[in-house]
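Worksheet for the structure shown next.
As written, the chains take the letters A, B, C and D, and residue 1 is the first residue of each chain.
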């Protein structure tokens, strides 16, 4: 079920240059939410909603968290929102990461690039709680854009790489995978990040039965009625990122 | 000079059913403002600004006051604004009521209908401070729409009439003028209210050299550049309500 | 009689509100959110003879109080629509009148789709989409030429067993010329307006945002254009009009009926709030009361008397 | 050379920004608010042969992210404009290029105004307003017919001693057809777009809000339509374009130049913030830097090379 809840901004924090963490309190936190699902948020002044991965569900405290980077007019407006502001939030949307099929104590690789991290954070929390063993590769453009390294590290072995080497390793996320995560074999791989990262992960794990990426697309409705967000499938069909995804097996769609 | 000041909403109060008093703090309060001038306010969500008479200037406390009635989308949005909201306010606009020409201790008649009152309140305050003698006729549709009777009464002899007689006298403002304000001769008459009131006042005081009305018109710019707000003049010319008015001698324009 | 009811050829509607074509898919997703039996009707996504993938992505861009879309009539083809989409609606929402949006690249395409889908056991009416700005062939090119529009309408009216409504393009110098030409082919009515052609550019790439370069502008931004064209066609022609373009509030619906519409469709607003049609239906009576409007039918009658 | 400079026939502009006709009067009011010498140019209110009162009020209505106006070309007549309005600007703002907006009901009207005002000691250029939707005669009727538009332009080019820009109407099926016809008459360039025709109704009176019934839609709502049409004409014709329609932010200016404009005019935004042109001029360099745009001229050159 999809709900259009009115949520209240109860926290706004800049956690890296231009990257904000926002907590939204209200009913949505009590909905059954699967890691990898997203919300579509109505922002004052913007005519379309903006999609964001659900970065954390805190049922007890009654809020969900999103983490967003300011990249345009909508996210700029979001960063200006005062605590107490009420927002219409549509969700939970899409299908999350498949995790119920994992064997007990599965070894899992998480691959994150930049603001691909938010949905992977919720995933990581849930997987760790279920007792799975996590290896976590985090890529960022540069030092002052790094965030959530420690949050992730509490749930598994975590390494960071920056494009310019200003923090920890230097290079692309694929370099980090070669370096530090190529010896183990994983029961499952989950990735989210910019298109080059997702392409690389898709190629690398093309034969892997449990390798998943969360795709991005320009959206309007977020619920499957407008066909804005389609991706091609190998059989010349198509999938809607919003309602058939955003999570797909790496072979399911043509990025 | 016209300024576009960012003012802060520091007070919002419903003073009669659907009628609000709003205090706006900031630079504007220190500008030289003449009674009868108005401001043009940018309201979130509205594309055009909204014009309102300046109801009070409190230089010391650093705010101006407007009084507005909720009649459509823009004023509805205004009534929802939280304290602390910042608004772009263009002003002071137009020419106010001519008062410098009045003889000492002049006898003055003020005629107000509904939300025509706001600019007359500031006028009344200033005239009283200058030692003029005021008679004040206030018309309202019905009892629960009456406001500012006492505020006005402190500055002069004040009587109220309501269309339906639910408060004080019953009838039109012209009835009140006949009843209570027809024996004295006044040095000046100042009126503001709905069109029928202004028409009636214009006819009644057509021969009076010092009878003024403040006109209303649909505006866009409020400063004279768009020609939205024109009124015809008896010589087949025209005046712009925003920049040539809003105050006119009753014979100056064709209402 | 409900105060919300309104009647058009083939469409006895319990209220004047329906989601517009392309903004509700085939009802499957909205049907999970609320009971579609409550709607006046539903205008399903365009049907073409064969399945159509549509345009490359990005297909949407934002504009001030509006959006551009260049979906390109993506649909599973008329056969599949008849086989699975319409049965889904009929089974789950038996009281819901279905209006099929028909598109194609050639007159033969349109006629073929009308012949297949234009049957009373399938749909209540057809909406001929001769105004889609997002396809290279057909679409809007039919809707901007009076003669072509007339001929296409005539052929489709002949091919259909249900009333045919023609969807007009606003991208014309004189919409009355087009409407009057179409009127001669005896359609049941008009639906209007489709989207205005627009464009946005990305400042970083300095290229159009949409892969298709241009797209159709919809949403509140176009409301005044829609009101004007509906009014013009209403004054010039005798056919009923299903109005659309920018509706987001109950007030907009009443304004569009005053302009000349007999029912209305809501497009873009569904993409921003998928519950919007349901909310509008709930809210309309109170807004009518505020403006002393007894019923939709009385509003229509009073409007038509004045002119 | 300033990074903001841009050159068009008769217009060597220090920056690409000017207030659009009808949205700055004759500069007298804005001239009290900031130094108009800072502007790229000014497009003064329409001039007709005789003084014109214009339409009855109400003349404006609000729309989502836009407005309707039906001013009706109110102006004091060309003689008065030459006698008092232009001298005011020349005396107070000697560095400000003036563009005279010319209108009329007949071709003879246009020619007469061009003959009088189209002199280098008075103005830098003329903008032929063949696209005003708010007058019963002339105006838009010239701008929607290729042949009439061609002939009118030819006559006005002959009658003027300064470059003539032709202001295009967006209310046409194919703006390229019109632009190409006009191009043959050798104008200096195009200005575009004028307003789209629109309408609003009052729910209480159930009548049009504007006394003129219809009005011209302007403001951010029309930005994507303007961008599209400017792009079309830019690709199809060789003449420079002064772009307008919905500009409110520095980003909008750059987007319009990318679409095909060589300079831009700001209309409605002046009515909401009379300081806007000044603010845009101040803000533009920083926005250019953000998108790695070295200069307006380089942006124009790079754009033209790609195509």
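One rule holds for everything that comes next: contacts are C-beta pairs under 8 Å (C-beta built on N, C-alpha and C of every residue); 3 or more make two chains touch, one makes a residue touch a chain.
Bear in mind the structure is a predicted one, so any value in this text is a computation, not a measurement.
Asker: Give the fewest steps needed to get from chain B to chain C, where each step moves from one chain to a chain it touches.
Answerer: The distance in steps between these two chains is 2.
Asker: Starting from the defined contact criterion, work out which chains touch chain A and chain B both, please.
Answerer: Chains that touch both chain A and chain B, as defined above, do not exist here.
Asker: Using each chain's Cα centroid, which is most distant from the centroid of chain A?
Answerer: Measuring from the centre of chain A, the most distant chain centre belongs to B.
Asker: Count the C-beta pairs in contact for every pair of chains, then give the pair with the highest total.
Answerer: Contact tally peaks for the chain pair C-D.
Asker: Let me have the rounded angstrom distance from the C-alpha centre of chain A over to the C-alpha centre of chain C, please.
Answerer: Roughly 36 Å, centre to centre.
Asker: With centres defined as the mean C-alpha position, give me the chain A-chain D separation in Å.
Answerer: So the centroids are 47 Å from each other.
Asker: Give the residues of chain C that touch two or more other chains, as numbers and ranges in rising order.
Answerer: Correct list: 61, 63-66, 219-220.
Asker: So which stretches of chain B touch two or more other chains?
Answerer: Where chain B is concerned, no single residue meets two or more other chains.
Asker: Which residues of chain D touch chain B once you look at their complex with the stated criterion?
Answerer: 22-25, 28-30, 32-33, 45, 53-54, 57-67, 69, 71, 74, 219-220, 270-275
Asker: Give the list of chain D residues in touch with chain C in this complex.
Answerer: 61, 63-66, 68, 144, 171-174, 196-201, 203-204, 206, 214-215, 217, 219-225, 227-228, 231, 246, 251, 254-255, 258-259, 291, 302-303, 306
Asker: For the complex, which residues does chain A have touching chain C?
Answerer: Those residues of chain A that touch chain C are 1-2, 4, 42, 46-49, 74, 88, 90, 217-221, 223-232, 238, 243.
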